[in-house]
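The letters A, B, C, D, E, F, G and H name the chains in turn, as written, and every chain counts its residues from 1.
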Amino acid sequence: GYAKVDHHREVRQGAPEVIYGASKTKEQMEGIINSLLSHCKENILITRLSTESAAYLSERFDLFYDELSKIGIVNRTEHYSADGTIVVATGGTSDIPVAEEAALTAEVLGNHVIRLYDVGVAGLHRLLSNMELLSKANAIIAVAGMEGALASVIGGLTDCPVIGVPTSVGYGASFGGISALLSMLNSCASGVSVVNIDNGFGAGYLASMINHQ
Amino acid sequence: GYAKVDHHREVRQGAPEVIYGASKTKEQMEGIINSLLSHCKENILITRLSTESAAYLSERFDLFYDELSKIGIVNRTEHYSADGTIVVATGGTSDIPVAEEAALTAEVLGNHVIRLYDVGVAGLHRLLSNMELLSKANAIIAVAGMEGALASVIGGLTDCPVIGVPTSVGYGASFGGISALLSMLNSCASGVSVVNIDNGFGAGYLASMINHQ
Amino acid sequence: GYAKVDHHREVRQGAPEVIYGASKTKEQMEGIINSLLSHCKENILITRLSTESAAYLSERFDLFYDELSKIGIVNRTEHYSADGTIVVATGGTSDIPVAEEAALTAEVLGNHVIRLYDVGVAGLHRLLSNMELLSKANAIIAVAGMEGALASVIGGLTDCPVIGVPTSVGYGASFGGISALLSMLNSCASGVSVVNIDNGFGAGYLASMINHQ
Amino acid sequence: GYAKVDHHREVRQGAPEVIYGASKTKEQMEGIINSLLSHCKENILITRLSTESAAYLSERFDLFYDELSKIGIVNRTEHYSADGTIVVATGGTSDIPVAEEAALTAEVLGNHVIRLYDVGVAGLHRLLSNMELLSKANAIIAVAGMEGALASVIGGLTDCPVIGVPTSVGYGASFGGISALLSMLNSCASGVSVVNIDNGFGAGYLASMINHQ
Amino acid sequence: GYAKVDHHREVRQGAPEVIYGASKTKEQMEGIINSLLSHCKENILITRLSTESAAYLSERFDLFYDELSKIGIVNRTEHYSADGTIVVATGGTSDIPVAEEAALTAEVLGNHVIRLYDVGVAGLHRLLSNMELLSKANAIIAVAGMEGALASVIGGLTDCPVIGVPTSVGYGASFGGISALLSMLNSCASGVSVVNIDNGFGAGYLASMINHQ
Amino acid sequence: GYAKVDHHREVRQGAPEVIYGASKTKEQMEGIINSLLSHCKENILITRLSTESAAYLSERFDLFYDELSKIGIVNRTEHYSADGTIVVATGGTSDIPVAEEAALTAEVLGNHVIRLYDVGVAGLHRLLSNMELLSKANAIIAVAGMEGALASVIGGLTDCPVIGVPTSVGYGASFGGISALLSMLNSCASGVSVVNIDNGFGAGYLASMINHQ
Amino acid sequence: GYAKVDHHREVRQGAPEVIYGASKTKEQMEGIINSLLSHCKENILITRLSTESAAYLSERFDLFYDELSKIGIVNRTEHYSADGTIVVATGGTSDIPVAEEAALTAEVLGNHVIRLYDVGVAGLHRLLSNMELLSKANAIIAVAGMEGALASVIGGLTDCPVIGVPTSVGYGASFGGISALLSMLNSCASGVSVVNIDNGFGAGYLASMINHQ
Amino acid sequence: GYAKVDHHREVRQGAPEVIYGASKTKEQMEGIINSLLSHCKENILITRLSTESAAYLSERFDLFYDELSKIGIVNRTEHYSADGTIVVATGGTSDIPVAEEAALTAEVLGNHVIRLYDVGVAGLHRLLSNMELLSKANAIIAVAGMEGALASVIGGLTDCPVIGVPTSVGYGASFGGISALLSMLNSCASGVSVVNIDNGFGAGYLASMINHQ
């Protein structure tokens, strides 16, 4: 097959292999999973897994599948390799699919994750009433579309790394996530960095790295 | 002269003529002021007035000039034609020139104005400790560059019209105000509208309209 | 459930709760409506409500539904809490869905609304022959796509706040509403502000705020 | 010399050679003028001619120079080769330099030109009171920055070709003329076409072509 | 009905009414056609008419319909009100639908039209072998996507007005017509102006205006 | 004074106050420094400090000033509060000013910093020969303009968090840092996040946060 | 028919005719193929050929069709007219369709092609272990989406021309290939040039030209 | 010193080291030149060398300096290592500085170069009268700003690789070279590829690579 499966990555990078399912056929994924299983028995993560491909893989592997975030996990096993906590917050309910991609990624990588959804800046009391939770996190993932102010506001309220994930949620001048992306990049709060629009996986992975230090 | 001075606007629009000074020579402005003085004796507003032109006009008229906001006012007279209050808030200190353009415009149009500067969302306590002030305003002007989240946050905290003024303050991905502009246009809080980048005058004028209803 | 229903918003913001239906399942909306009904019996507004979800909700609630604007209202009741009038104008017939979102929002919030549709600037006589109507408004909502000049022209003809709503109507260099958005932001007329592309709801809400002052 | 002087263009295109002065040294222009004079004695047009280069050329040729529009004309001679009239209109006073580039170009090509400056759409009466002038034109050049609505409004009021010239006048979201450019391209009025931002020359040349048919 | 049919436009603009069919229901169009027929018996033009709506209208009116360009004409009658010729040229075969919108518009307005398709600049001999045709035109419409160089090259070869129509044909960095649009706006040849991307109608209408002078 | 100095931030965020010098007068900065010194005696960081303002402050305070990065530090004192190492790498020599902003920020916050400059991806051997250094870092800051591939390549070679800082270095299609910004946001390597263009400070601050966990 | 088939191109350009299938009907293509077969018996290349059109043409001609790259070849015949080798490399597996368009184009034009797929810069060892292959190529085609760094890295490792093909693969800030396009244009390695997003054909054609010198 | 001088590049890439002078101090460049001279005695190329730095280096080395293109060459020596010819063509005279950067680069690398300046597509006869020259080239560099059609037209006329160099020449909608860049990327002629805006060096280097095959 074409895809060069990377057996050494766990060694070099200290984390299990991840399959980016977006443009792979179900047969390609089946092949990659089989190849990976030869050296890694648990928690193989597949992102952007379509419902249809998930059905196919379910018949062949022990697959956990989350419809909302399109996350699949082969041979999912609970394990915690870090003590700290990662908080995943969203501005609205429409941001939850991306947030779940981040949360499930972080969990599969051995982290305790707390979800804090629909706490956008247009209703600050929702965020302020959770200050205690926020202040205990080792890393916070702020998932928001539209004006994307959540990352800045959380960054100002806490002193741990905040990873902003702009989402493509919204319409008109949200321009598929550009508005939120620019907001987050321009954050006036220190400690905020940004990953690609809708890249919940990247944020979960990075938060896990930070939480494992 | 080329410029068609509009003697009927005060009648039609209920407000004195305003001169946009940005691309006019000092002699052109002198001519327009003289023409306007024939029917309107006080509070002629000049925006974007350069220091050099201000010096020239000062020798010919009774000119108030604010270096920071580049606002000039011929025959400035204090007067209050509306009871309510307009709050002008900024995210940072660099937004103050634009804020002053808004505040001085609103004052010259007969409004009480309260300034609330440097209350950006990266330090929420600064805003929250001024909730009483905010809640009494008839209109609030939120002036902010960078991530421009101020308009959303204020919009969520209050129930009066909020006019967002994105500023060109910042660097990199602030793209001369585009980031703040998009943020404000995407505000999740109801009651927020937006004027052009750096358009303090437009915001002050609109706030005055609302405060006079 | 995930969505944090905000029972205090009516108190803080003086307006009934609004549900943004765009990315919610019909079951989620049913839950939110039930929760809201516990403290607010009438005029629950749902924007961006799909025809399919509207059918589902109709079987469970007394739902008014406008196919064109995708507006739903649970327990709709006529009531007028402000004396003044809001005019909603459009440039063309394709802008009417967005205009209706604005008009129905303003009505549900207790305002008298006059519709003035298809009065775009390429045929000025249509606008000029309605000058009397325009001059009596407390707030005007100008809904236009393509070159978006309607907001400027109305702004120049009247002395009340004009809220521009750019629409995504058009093709080619209209770029999904960007052309109209930029036009409106650059308006040379005073008193014009802008909301997001296609955001009829935001314009109706703001106009209501202004009309209630 | 590098520049390939095009002695045949007058024959092929029926118009005298024009020198685009923007990136040429004064010595290069001197050489080109001398070359052109060998076969064309009058009305050599130079656009974007800097004040400094104009001074240099004035000492060597009979040069008309307009400081505002940066137009230079060697051996200027009044002549009219077409009967009709071209109207050049501007939205504001800041658009006049570009308008003069158009007007002087059209005049040098043998056209009667009427200037109608500062008639922007935020004060419609200024345009409407000139309807008679507009209705007699063979071609109208609409020069405007900011929201650029002038082209559409004039296009709707008249039945001759309207050439829109967006200008880079403005600030913020005018984006150096993009806003006006998009407005004009999206004009809902028939008969409107557009040339490059600030391209007064191109508009004057095209209007002359149309007026000579 | 909502649409304000404009019975005076023919008088003011000297051309029959045109219906922009893009966002109108077939019933709306039926109503407008009936209204127009009361004062104008022939050659009612409908642009962007869907196949489905065309079928509906065909049962009620004598409708000519061109599938490719989506042009419909009610009571089509050949008539020539101008002597000159309009040439419509395209760069490739994919540009033909837009070109036909232009050509049919010009014909319905009483012009002789010559089509010159697939003569793009990557094969110059195709254009050069048609120089005689080009040189006799009163106006030339250059329809091209991708690099859009056709307008410039034709502009350089002829001395009549050239109207560039960028098309959304292409992929990748053609960005839905932006590449061709910018090329045409930057044309180094004099006499070239531009209409909106894919706006064959606008180009045909303008060419007719010029041809009727 | 206008600026609201935030005496509580050190407590809340565990880091000394930082002054963003870009748009402050030297007198404003003097005032803020004096205010800060009342509760924090050492290592007051000033970013974007102009040479001229630095000269002024040097006469009043014990100021370290780095011409290249425009970083100033009042009462600089070496101290190490974290054991790990932060690597700051650049693609070229032109990226060094931004890199020094990051490195000096990280040092003032108590971190050991290793500089690895001019190791861009067009000469991979320069990076590969430093693998040992890279593999020992707790956080890596990758500073690069132009194609910005450095962050991805380093991210693929290591298993610690990589913070990408796009720089505005370059010309043409680098578009002031947009090219590098997009590259870094699209990184295929896990663990990479991005801060604003030229935001060395933000990267240094975040790296320090991570290194102190 | 409309399309002007260009029988002289092979003579002028030394290569067989190519049909761009994207916007042609199957009947149009049939006609063009028949016309071409009259003077060129083998290896007629059709790009962007839909599966449906391929089925139609298969019944009429001896057609090779590659589903993945949408390449069709009528009367395919193996032949090698150049000695050197062209390498086609991709960053990921999703880039393979575009790479195959390039590879099959180069093969049909008489070149030896080596495929090196899924060797993106986030796993450098995959590239480095193929250095020998790379160093023997006469031209290398680097096909990559997302951050598009592959072209730069290969350009730095080799001394032959590298042709970058940005792909529209990715999501969010990859913006349909813009990110990769800008990366490649800004390459710091010498010898790199770029073709349009997803233009595998153009890259294969150019590589063949270079390999035949 | 910071810059890592790369003594092995000549070996790996078969070409002398080149110094990108844009952001280096004259002292930095002096150091790099001295380092390079230790292993390479002739033809050290410096691009983007400021007049001031050139003066400094002239006193220390045997420096050829071309004011127009800002190219410097230490120990320039004529030598020809390839038989073929490279043609460098420009659309206008303003493109010459970039063209000279390309031409001088190609010459220093051992190529015969023919210059064909000011042959833009708005006057095709200038190009057509040089067909013989064009048809003999091994590689052609097409340098053009504004509409950038030169690359396509030349690509259609010849059968050798054409390297497009968009220039930032122009105003308005040329957007600093974007218009020309997009034109060239969308070229309908086969064999055209593109380098960065104003990147004459890159084009000259690539042309030399091709000419040496």
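Keep this in mind: contacts are C-beta pairs under 8 Å (C-beta built on N, C-alpha and C of every residue); 3 or more make two chains touch, one makes a residue touch a chain.
Quantities reported herein were computed from a predicted structural model and do not represent experimental measurements.
**Q** Find the pair in D-E, B-D or C-D that has over half of its contact pairs, by residue number, in common with G-H.
**A** Selected pair, repeating G-H: D-E.
**Q** How many angstrom lie between the CA centroids of chain C and chain H, rounded to a whole number?
**A** Inter-chain centre distance comes to 56 Å.
**Q** If you average the Cα atoms of chain F and of chain H to get two centres, how far apart are those centres in Å?
**A** Centre separation, chain F to chain H: 35 Å.
**Q** Counting in whole Å, what is the centre-to-centre distance of chain D and chain F, each centre being its mean C-alpha position?
**A** Each chain's C-alpha centroid was found; their separation is 50 Å.
**Q** From the C-alpha centre of chain B to that of chain C, how far is it in Å?
**A** 26
**Q** Scan chain C for residues touching two or more other chains and write them down.
**A** As it turns out, chain C has residues touching two or more other chains at 92, 123, 157, 172-174, 181, 185-187, 196-197.
**Q** Give the pairs of chains that touch; include all such pairs.
**A** Pairs of chains that touch one another: A-B, A-C, A-F, A-G, B-C, B-D, B-F, C-D, C-E, D-E, D-H, E-G, E-H, F-G, F-H, G-H.
**Q** Given the complex with chain H, which residues does chain E contribute to the contact?
**A** Touch list, chain E to chain H: 91-92, 120-124, 128, 145-149, 152-153, 155-157, 170, 172-175, 178-180, 182-189.
**Q** What residues on chain H touch chain F, complex-wise?
**A** Interface residues on the chain H side: 2-4, 6, 8-9, 22-24, 28, 166, 168, 176-177, 181, 196-199.
**Q** Any idea which chain G residues touch chain H in the complex?
**A** Going by the criterion above, the answer is residues 12-15, 18, 84, 138, 157-161, 163, 181, 185-187, 190-197, 201-203, 205-206, 209-211, 213.
**Q** Can you list the residues on chain F that touch chain H in the complex?
**A** Within the complex, chain F contacts chain H at residues 93-94, 96, 117-119, 123, 125-126, 169, 171-174.
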